[in-house]
Amino acid sequence: MKVSFIGLGRMGQVMAGRLLDAGHELMVYNRSPDKAVELARRGAKVAKSLAEASHQGAPVLTMLADDRALNAVTTESGGLIDSLPRQGIHVAMGTHQMDTIQALANAHAAAGQILIAAPVLGRPAVAQAGKLGIIAAGPEQAIQTVQPLFDAIGRRTFAAGTTPSSASLLKLCNNLVLACAIEAMGEAFSLVGKAGVATSSFRDVLTDGLFQCLAYESYSRAIVEGTWDEVNLTATLALKDLRNVLAVAETLKVPLPSANVCRDRLLGAAAQGDAERDWSVMALEQARASGLDRR
Amino acid sequence: MKVSFIGLGRMGQVMAGRLLDAGHELMVYNRSPDKAVELARRGAKVAKSLAEASHQGAPVLTMLADDRALNAVTTESGGLIDSLPRQGIHVAMGTHQMDTIQALANAHAAAGQILIAAPVLGRPAVAQAGKLGIIAAGPEQAIQTVQPLFDAIGRRTFAAGTTPSSASLLKLCNNLVLACAIEAMGEAFSLVGKAGVATSSFRDVLTDGLFQCLAYESYSRAIVEGTWDEVNLTATLALKDLRNVLAVAETLKVPLPSANVCRDRLLGAAAQGDAERDWSVMALEQARASGLDRR
Amino acid sequence: MKVSFIGLGRMGQVMAGRLLDAGHELMVYNRSPDKAVELARRGAKVAKSLAEASHQGAPVLTMLADDRALNAVTTESGGLIDSLPRQGIHVAMGTHQMDTIQALANAHAAAGQILIAAPVLGRPAVAQAGKLGIIAAGPEQAIQTVQPLFDAIGRRTFAAGTTPSSASLLKLCNNLVLACAIEAMGEAFSLVGKAGVATSSFRDVLTDGLFQCLAYESYSRAIVEGTWDEVNLTATLALKDLRNVLAVAETLKVPLPSANVCRDRLLGAAAQGDAERDWSVMALEQARASGLDRR
Amino acid sequence: MKVSFIGLGRMGQVMAGRLLDAGHELMVYNRSPDKAVELARRGAKVAKSLAEASHQGAPVLTMLADDRALNAVTTESGGLIDSLPRQGIHVAMGTHQMDTIQALANAHAAAGQILIAAPVLGRPAVAQAGKLGIIAAGPEQAIQTVQPLFDAIGRRTFAAGTTPSSASLLKLCNNLVLACAIEAMGEAFSLVGKAGVATSSFRDVLTDGLFQCLAYESYSRAIVEGTWDEVNLTATLALKDLRNVLAVAETLKVPLPSANVCRDRLLGAAAQGDAERDWSVMALEQARASGLDRR
């Protein structure tokens, strides 16, 4: 089917490539046109403007780095709000704030257009293998329309209801659970280490037993090996996620004591100069707070 | 090889049975002799007293329900301390407190005997399948001696160093990480539920992605389905575990903020009358604290 | 000395009245002119517009209910930024956010004007008695200039440095310490109550000993008597204060575990429908979390 | 009236001296008889044994350093349980654990004797001035009997009910509230300090306003001046108090999140080597966790 794709960063290029591979008729657009060269070589049409990309009547997928970029692409003159036809579908696949998505949903609705939020779970390598998870929220019929596109990109689509911002919430909550897992490992590894037991043994106990999954395997390795500078997510960005989840929690009146613990641990790490290292520095900061001399 | 086994509760019977199946020459002892009947039928010798069971020179494995039972079996007249020969090996496979194990190690050492602590990870069904994890701590050579017995019982042995109580610590820490995971799920599911999104969708996101492991699969199901009365571990016993891990942490000077959060959540659940339900009531209590009306 | 006063709410009227009583030459302005009638009767001039009030060259004191009102009075056409002469001094005495004050300080500086932030400690009755505390931050010389005005209004001026927003920070921090005191009392009174001891006895122990001060006397009375509906500060507004202090803490990289506890307790209270009661409902919510049946 | 006093440490000597000054007929006993010399000079009789001191039929007051000393004096051969007559009253004025007091109350009851627990609030200088607070719990009539003795020693008696251990609970709770106050100040002073504002200004704001009381005056001074080595209560002993209050809370099913925060802060301080400094090191550890470089 026809589809437009806007935002050819690392993830965007891979995702758009999978649409091409699956035989969809792809038009792409990116601020820096050089990012489109390789996809053009493989058969994609390259739009010269946002307006051209969104005037096809086809669904427009965006994969943008942040809320600012999403707002620019949608609200500026000639942007999606201006140029998408009535009943046109915009699928926002980046990771965006709930209130940004909510405001955008309202703006599209006012223009007679439809917003689906569909943030993805996984990194570029996962995307390349077609194994992304896609958390989709928006009007049911619209999701059915774009399902073939999701099938080309991801392994599985999770239905997150009809309110687009709910998709952002599930992604935030997934990250919250991960933050808590890292903090918990940090606490346990501090105890084990201070008791003089090999942390690698405890890592084996965890990951060979109840916790035989990516979250624990990758982060327990980072903690045991101290690879704080192999950055998956910086402490600064992790703090931003926690700030957002805590803001939602305040609106919904949900106390989140573990989220607070994670936030404080990340702030402590940042106070020691680790803000731009991987957020597994939560465990490093826990170790320091325990009087263990780790760097 | 020759081996004695004391303590034929549900786990003990299965573990002893696997020793038989693997061809070891098994002698068993239990306070209530009826528990030994089935194993005797399958070929085990039945000792009439602790002294008989421990005078063989063979390693003595104990699988006792609690510290009180362990202390009785070891320190009473005719118990293991009395009757085990010098250089005799006692392998304590129950889940016991660190200080109980430490005191017992000292008592055995004073009698020229050797203690290995080897608590197991897994339930009876897991034991039946030979898939227990065994966390072994004690003198290296003694562990090598009993390794064939561990191989008959479990799937994998984790080396937890030469201090027996360290094995207890690793098991406690494993439970701590699990408690934190349940609390984290409780917080996330409260947010998701209060936002009006199906909790089952969020369960799919978690367990299909980073958290595709037993801990998250089983406890997220319990939380989504509210099966608080299918008891795996009562809130009361979970509180005991946390009390123990916090006591060790105090001795070692390790702050454990997440452990505190779990403890408070369990206390809150107990204050609402849920002390004897499954410890997944942590999520129920979190839901109540969030103003969600769950039972 | 000549002085203009803008914002004649309950506090503003009392503060302006004290300036008159001390013999200062007062001009007042208020959106609703009826609020100025009594002060006019006592000798104040009444300005017809913001511009008239701020064109005197005299210091302009504002006592406005919130940031929105402050922004309106300062940035709208004819407002203080427009009409205050170069070197003119604006003393913002309301309780405002740090970033609002910082932005306003920048705007005044760009117009060659001077901002002093001087939030006050105390309620109208305290103001009437001339016993307010005034936390003043801004350029030293400007503070010296307006000191006679502070002396007419308050009992004592606290020097909070030369950055205006620091005055807001000290006020926020004072409230944080108070929130923690209320939470601490809530926890202790829950223990005492659940142990079956009269909470009034414990109140006597506290307030007759180490805690013989207004914070503990007033809030321990509220807790013992359960006067949740005598509102001094609503839980909603207390949450706003905590949100602000936590935002500053995030910027400065300061973990605040007690602030988190207070925030969660207030969220819990709000989740039970107590958002518009007095923030001493922190203790009520603590009691509920402890299984004590209080309303 | 006749009265015996056992335990002539620093506090005990002062308290016994006040009984003499008030004209009571005092008999004293101490393990090290030299501590009794000065009181003997002032008119006290000196008992040669516990039995002699407790055979008078008069109330026996004990002021002992810890639970071990209390247990020795009461349960050893010739101790109070043995030698106090039926209906004899033992007033335990030291600071003891709740379960120690409860066990002792049971033992006295079994011997037909009466226990009053009456821990005091205040240091030796306060005792000298007759300004101690006395928290008294026990049978009402017995308390009435010894009230003249309390009046000689203290300024005020707080009625803590008829269960002796409740007096210990109130004292523990008083300390909990103080711990939370110190933690709260630590957090606020970290924010203020990191924002570059003079901490002494914030101290003035606190102690001149809502917090004009001993707890805040003395500990805010310690924090601003960094007098960690002027020990009032060591971090180690403060941890013991928190352990006890948390143990009671677990029994009563009361979650205590602020107590947990204090405990973790003290553990962090101890992990950095500050266990034997004053417990105001809670604020030092908070400062370190905030990246402030304090010693």
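To keep things simple, chains are lettered A, B, C and D as they appear, and every chain counts its residues starting from 1.
Please note the rule applied: a residue touches a chain if its C-beta (ideal position, glycine included) is under 8 Å from a C-beta of that chain, and two chains touch if they have at least 3 such contacts.
Source: prediction; values computed, not measured.
Asks: Return the chains shared as contacts by chain B and chain D, ordered by label.
Replies: A, C
Asks: Among all chains, whose Cα centre is located farthest from the one for chain B?
Replies: Result for max centroid distance from chain B is chain C.
Asks: Just curious, how far off is chain D from chain C if you go by their C-alpha centres, in Å?
Replies: 38
Asks: How big is the gap, in whole Å, between where the Cα atoms of chain B centre and where those of chain C centre?
Replies: A distance of 55 Å separates the two centres.
Asks: Pull out every residue in chain D that's touching 2 or more other chains.
Replies: 249, 253-257, 261, 264-265, 268, 271, 289-291
Asks: Considering the complex alone, what residue numbers of chain D touch chain B?
Replies: 239, 243, 249-250, 253-257, 260-261, 263-265, 267-268, 270-271, 275
Asks: Using the touch definition from the top, list the residues of chain C that touch chain B in their complex.
Replies: Within the complex, chain C contacts chain B at residues 257, 268, 271-273, 289-291.
Asks: State the interface residues of chain B toward chain A in the complex, per the touch definition above.
Replies: 121-122, 133, 135, 137, 156, 158-161, 163, 166, 169-170, 173-174, 176-178, 180-181, 183-185, 187-188, 190-192, 194-198, 201-202, 204-206, 208-216, 245, 248-249, 252-259, 261, 264-265, 289-291
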